[in-house]
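A, B, C, D and E are the chain letters, set down in written order, and residue numbers restart from 1 in every chain.
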Amino acid sequence: MLKVKGIETFYGKIQALKQVSLEVEQGQVVTLLGANGAGKTTSMKTISGLLKPKHGTVEFLGEDITGLRPDQLLRKGIALVPEGRAILSSMTVMENLEMGAYHRNDKEIKRDIEEVMSQFPILKERKEQLGGTLSGGQQQMLAIARALLSKPKLLLLDEPSMGLAPLIVADIFKMIREIKENGTTVLLVEQNAKQALKVADYGYVMETGKVIINGEAQSLLEDSRVVEAYLGKRSS
Amino acid sequence: EDDTNTSNASEKSEGPVSAKIGVISYMTGPGAAYGEAITNGFNLALDEINEKGDVKIELIIEDSAGKQDQALTVAQKLMSSDDIVALLGPTLSTEMNVVGPEADINGIPIMGTSTTAAGIPQIGEYVFRNSIPESLAIPAALEKAVNKYGAKKVAILYGNDDLFTQSGYDTMKAEAENMGLEIVTIETFQKGQSDYNAQLTKIKDLQPDLILASALYNEGAVIMDQARKMGIDLPFVGGNGFNSPQVIEIAGEASEGLIVATPWFGEKDDPKVQEFVKKYESAYGHKPDQFAAQAYDALYIMAEGLKNAGEADRDALRDALAEIKDLDGILGKFSFDEDGDVIMEPTVLIIKDGAFQQFE
Amino acid sequence: MVLELKNITKNFGGISALTDVSFQINEGEIFGLIGPNGAGKTTLFNVITNMFPPTSGEISFLGDKISGLKPHKITDKGICRTFQNIRLFSQMSVLENVLVGSHCRSKSGVLNSVLRTKAQRKEETNSLEAASELLELVGLSMFQDTIAENLAYGQQRRLEIARALASNPKLLLLDEPAAGMNETETESLFDLIKKVQKRGVTVLLIEHDMPFVMKLCDRITVLNFGKKLAEGTPTEIQNNQEVIEAYLGAEEDDEIA
Amino acid sequence: MLGVILNPYHLQIVSFILINIILGISIYITLSSGQLSLGNAGFMGIGAYTSALLTINFDLPIFLGIILGAVVAGVFGILIGIPALRLSGVYLAIATLGFGEVIRVIFVNWESITQGSIGLSGIPHLGRELFKSFQITGFDPDMLGLKNNQFIYLLVVLTLLLVNILLIWFFIRQNKSRVGRAFAAIKMDEKAAESMGINITYYKVLSFTQGAILAGFAGALYAHVMAYISPADFAYHRAVDILIFSIFGGSELIWGAIFGATFMTILPEALRFISDYRYMIYGVVLIAMMAFRPQGIIDVSLLNWFKKKLKIKRGGSLGIRTKKYN
Amino acid sequence: MLLEQIINGITLGSIYAIVALGFTLVFGVLGIINMAHGEIFMIGAFIGVLITSVFGLPLWIAFLAAIGVTVILGYMLERIALRPLRGKQGVSHLAPLISTIGVSILLENLSHHIFGAGNHPFRHSFAQIQFQVGSITIYLVQILIFVISITLMVVLSYWLSKTKAGKALRATAENLETASLLGVNTKRTITTTVILASALGGIAGILVGMAFNSVNPQMGLSMGLKGLAIIILGGMGNVKGAMAGGLLLGLAETMIVAYGDSGYRDAIAFITIIFILLLRPQGIFGKNTAEAGR
C-alpha cells in the first residue's frame, strides 16, 4: 500500500534521513521504533507531505505521491496524528472534530463525531471548551479522535500514547487493533516499543536517520539488539 | 566666514556669463504637485533665457521629497560643487528653515520661490525670496472681502500640521482680530484628511458671514466641495496656497466664491502673462498656477542678477540680486527690500463663473 | 517539611480543576503525583509556581507562605519546574539555556555587565562552570553549542531539567519527564533523578509511566477529577483498589514491575 | 589633501547615517526582549524638543541638553513601558505607533511651547558650537587645509562616531551578559523565562526604556545637527524608517541595525540620478530583499560565516563558541 | 447639529469599518498586518475616478473594475510579498511587515507617477442624490455606505463562524501545518483571503471617493493608520470588533470636532486604543487564549 524508497530529508543543511525505505501492506499495523532523534518523526512528516524529501520517492496505492501537499494526501487517504498534538487551540473541541472531517462531504459526519465522542467521553463533556485549555492527555485524545474522523486508508500515528494515563494507553492500543480490524492500515511510531510490537505485524528500527533492522514484529520482540536497545533491562 | 568661496573669476568678460544654478524641489511625496509646477516654471524660463543668450544658465535639479533632512543633504551636495553659484528653492518653508542658515554660512545666494512663511529672508543676507509672504497677501484679501460683504462674524479653518497653513492661520487670526471681527470658531484639519463634514457642520451651525481657510489647494478644494454640498454658501477667503486653477478643476461649481490675494493672475490683460499661460498650457497640458509663475519669474530674476554681476561668482551675484529694482515679470514689477523680501502689490481675485476674476 | 499545600482549589469558569487538595512533601523526598488525564496535575504545578493563582487555599515553602508571590520570586526562593510541553529557549544554544537557568543565582546588572567588573567576571565564570557541570550530569556536554530546538525530544527533556537545576532549587517540579522516552532512555532518566536527589534536591514529579514512578518515588499522591484520591508509598498505591479502578487499570499483562 | 576628501555633502550623509544607526539600535534593543515598539519616533521627538527647548530658552550647553533630552525620553519610556507590559506582539506595535502619533499631535497643538507646526528654529548647531570652542583656543581649520564648513561637519561626524562606538560597545557587552541573556530568554518564551526566575517586568521595562533613551538621544542629536525641528519630523514615516533599519538589516543582531541604517540612508541618495523612480525602487528593494532574506541581511549564519573566514585567515581559533546573539 | 454630526460620524465610521474588515481578515489568517491595505484602498478609489470621471462609464462598472483591479493586486501581493516569506526557516514575524510596507511605498509612488500628486474629484450624479429630512441633508451615498458595511459585517461573520470555509480559514490562521494535515488547502485559503480583503479595500475606496469627493495617492496612509487602530480596538481578527471599532472611532472623531478640539482629531483613535488596551489588552471583542503553564 505504502512504499517508501530511499528517502533523504534535510532540515536546512542537516540531513535527518539517510536512504530510508519501508513498506506497509494493506491492512497491516507497522511500527517504527528508534531512540530519540533517530528520525521517526521526520519519516512520518515526509510521508504525510509536511516535509519534502530531497531524494527518494513515496508511493501510495501504486501512485507516486512524493512532494504532494498534506491536504492532497489526506484526500488520497493518508492522515497523520502529529507529535506534539497540534490542537487548534483557539477553536473548541467540537470545531476541532469538525475540522477532522473537513474534507469529507458525506452525511455521516455527525454520526461519526458522536461515535468518536463515545470512544473518548471526556471530549463530549468538554465539546465547547477551547482546545488549548485541555490537559495534555485530553489534547492527545482529541488529536487521535480528529484523525479518525478523516476516515483515512492509512493512519500515521506519531507517539499516540505520549502523556496518556495507563488506562487510556491500554485503550489506545485496543483501539489500534480495532482500527486495523476495520480495515485501516496503520503506521505507528511509539516509544512504548513492547506494546507497539505486540499490536504490530511488522516493525522497522531506526538509528541516526537510517533503518537498521526490520522484520516481523514477533521476531523483533525476540531480537537481542532490539531488546537491548529499546526494551530495557526491566523487561528482560 | 565668507572665505569658503573660491569661485574662479577668470570667466569675466568672455561673452555671456554662464552659470550653474542648483534647484531643490519637492518632487516625490504628497506635495509633489508643487515641485512639479515649480520645476515646470523654471524649465520654461530656462529655455527662453538661454535662447536670448544674455546669460547661459544650467539648472541642476534635485529632489528633497519635502523633507528637511533630504533638503539639507542635497543643499550640501549642490553647495559643495564650486561651480554652482546660487540655489533656487527649496519648496517648503520648513525646508528653507534648515537650508537657509546653511547656505548663508556658506555664502551662497539662495532664493525661495514658494516659501511664504514669516521670517524667511531674515535668516541671513544670502537668503531671498520672490514669493509674497502670507502677511502681505491675507490682509489684502480679507479687507476687501469684509468690506464687500459687510462681514462681522468669521469662522477660521486651517491645517494645523503644516508650517505654511499654520503660519497663514496666524496671519488670518491676527488680521481678523485687528479688524474687530468676531471669530465664532477656529477649526483645524490634518494632512490627508478626506472628511471635513464634522468641522463644516459645526461652522454651519454657528452661522458666520465669512469662512477663512488657510489650506493648500488640494485640501481647500475638497473643503469647499463638502461645504457646498452641506448647504454652506458663504464666501471663502484663502491664503496664497489656495490660489490655483486646480481648485476649479477639483471642486467645480463648488469653488465659486473663493477669494484670494495673489501676485499671480492668469487672466491678466498682459501679453507677457498670456504668452506664458499659452506656452505653459501647450507644454504641460494644464493652466499654470502661482507656483509655476513665481518660479518662472525667479529664474528671470537670477538671470538679471547674473547679467548685472557680470561673472559667475556667489558674492557678486548676491550683491547684484540685492540691487534688483522694478524688474518686469509676469507677476508685475519686482524689487527686493533690504532683507531680501518681496516688494509687491498683490491682486485680489475671486472665483466666479468658473474662473478667477478680479475682485472689486 | 519542604512544601505544604493546604486546601488548594482552582476553578476555570465552570470547570473545577482542583478541589481542596492538601499534602506535604518532606525534605529530600521524591514525591510522585499521578492521576488520569485532566486530573489537575499540571494545574497544581501552575498553582505552586503561581503561573496563575489558586481560587482558594494556601501554599507554604520551607515554612514561608508563598502564595501570591510572583513566579520569579518563587524560583528565587528555590522552586523550579519543567514543562509538560517542553518550553526551552528554542533559538539559544544548549549552554545558554542552562546559563539562563542560573539567572536568579547571580546579580550583576547592566553597569557591571558592561564594565565587566571583577565581580561580574567571577560570577560569569561560576555560572559557566556550574552549567558545564550540569550538562555533564544530564549527559549533554557534547551538545553545548547546539541550538536547543535542534535537539531530539528526549534530549530536550533533559536539557529542561539541567536548566531548572541551574537555578539551584531546593524543590524541583518535573512534569512528565519521561514522556516521549523509550525504556532505555527512561532508565537513564531514572539515574539522573536519583543523582539529583543525592544533591539534596527534593523532587515533585508528574508521570504516567507507572513502572518508573513506582520504582522512583518515595511517596505518591493520586489525583482524580481534581480531588485527592489516595496518598502513600508506591506499594500502598499500587494495591489501592480505587486507584486501580480510576487510573492504573487491571494488570492484564506483565507491564508493571 | 584632507580638504579634497572631506566633501560636506558626504559628511552630511555620514552624520545622518550615524544618527540613524542609533535609531536602528533603539528598536533593536527593545526588540531583543521581544517587544516591537514603533513609538521610537515619538521618543525621538521628545528628546529633540527637550534638548532644543532647553538650549534655546535656557542657554543650556548643548551636551547637557542632549543628555537631558535622552533622560526625559527615558522617563517617558518607563511611563509607557509599564502599561505596555500588558500588551504583546502587534498590539504593542500599534499601541506604540499610536503613542508616537499622539506625541506628534501634542507637539502640533501645544503651540505656546512648541510653536506648533512652525517648528523650532535657531537651535544651536552641534558643529558650529564645537567650532566656536575650537576658535577660542586659536585653532583655524585652515591649518588642516579645511574650509570652515568642512571642519564644522567633520566635528559633527567625529562626535557622532565616538558616540556610536561607545553605544555599540555598550550594547554588545550588555548582550553577552546575564542581562542580555535575560532579554533573549524573554523574547523566546516569556512564561518559561519567568519560571526560570527572571523578573520579566523589570527586564522588559528596562529594554523598553533603553530603546526610548536611545531614540531620545538620537532625537536630541538630530535637533542639533539640523538646527531646526518640527512635529512632522517625528511622524509615521520616521517610525517606519526606523523599523526598516532594524528589520531589513536583520533584527537578531546589533550589526543588522547598523547595516540597515547605513544601507537605507544611502539608498535614496544613491538612487538620486533616477529621481522620479527612486521611491518606487526603494519599495521594490524592500519587497525583494525580504523575499530573499526574510530574516534580514545580517543574521547569525552570515556572521558565523564571516568569523570562519576570519579564523581561516588568521589560522587560529577565535574564542570557544559563537554566540547566537551579540 | 447633534443629529447631523451623528450622521457624519456613522458615515465615516462605516468607511473605517470596511477598511478595518480588510485588515482583520488578513490578520486573521496570516497573523500579519498588511501595511499595503491602505494603498490598495487608494488604488480602488482611483479606479473609480478613472472609470466614472475619465471614461464616463456607469457606476456599477466602476465597482466591478475596482474590485477586479484590487483582486489582481491582492493576488500579486500574496504571490510577491507574502508567499516567499512563508514557511521559511528562521523568518521573523516582522518580515511581512516590512515587505508590505515595501508594497505600500511602491503603490503610493506608482499611483503618484501615473495619476499625479493632486486630488482627483469623483464626480458622479449618483453622489448627488440627496434627501432633505427637516434641516438635515442626507445623501444616498451615506446610506449606501452604512448598508454595505453592515451587510459585509454580517456576511463575513456568518461565513467565518458557521461555514466550513470559514472554519478552514480560522484553522489556517492558527496553524498552517495542522490545517494542511486536516485537508485544508492552505495556499488557496490564504490567497482567497488576501484577495477578498483587497476587494473590500477597493470597495471602500470607491465609497470614500464618492462620499468625500477626494481621491489622491496619499489617502491610503491616514486611512490605513485608522484601520490599524480599529482592529486593535475591536480585537484582532474579529469581524464584529472591526465594525464596532470603526463606528466608535468615526463617532469619536466627529464628536471631538463638534464638542472638543479638532486639533486632536487624529490622535483620538490612538488615545482611545491606548486606554482600551490598558483595560482590555486583547481589544474589546478579542478573545484571551492563554496557554500559560503547559
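Observations, loosely collected:
One rule holds in what follows: a contact is a pair of C-beta atoms (placed from the backbone, for glycine too) under 8 Å apart; a residue touches a chain by one contact, two chains touch by 3 or more.
Just so it is clear, the model here is predicted, and its values are computed rather than measured.
Between the contact lists of chain A and chain D, the overlap consists of C, E.
Two chains share more touching C-beta pairs than any other pair, namely D-E.
Between the CA-based centres of chain B and chain C the separation comes to 74 Å, rounded to the whole angstrom. Chain B and chain E have CA centres that are 37 Å apart.
Chain C and chain E have centres, each the mean of its CA atoms, that are 48 Å apart. Counting partner chains per residue, chain A has residues 11, 133, 136 touching two or more of them. The set of chain B residues that touch two or more partner chains comprises 28-29, 160-161. In chain D, the residues that touch at least two other chains are 108-109, 191, 195, 276, 279.
Of all residues in chain B, only 28-33, 36, 160-161, 187-199, 201-202, 205, 217-219, 221-222, 225-226, 229-231, 246, 249-252 touch chain E in the complex they form. Only residues 11-12, 48-50, 69-72, 74-75, 79-80, 82, 86-91, 95, 98-100, 102-103, 130, 132-133, 136, 146, 150 of chain A touch chain E when the two sit together in their complex. The part of chain C that touches chain A in the complex is made up of residues 12, 15, 35-39, 41-43, 84-85, 150-155, 176, 179-187, 208, 210-211, 246-249, 252, 255, 257. In the complex of the two chains, the chain D residues touching chain E come out as 36, 83, 86-91, 93-95, 97-99, 101-102, 105-106, 108-109, 191, 195, 236, 240, 243-244, 247-248, 251-252, 276-277, 279-280, 282-287, 290-292, 294-296, 299.
Considering their complex, residues 27, 33, 80-81, 84-85, 88, 90-99, 101-110, 113, 221, 225, 228-229, 232, 236, 261, 263-264, 266-267, 269-271, 273-274, 277-278, 281-283, 292-293 of chain E touch chain D.
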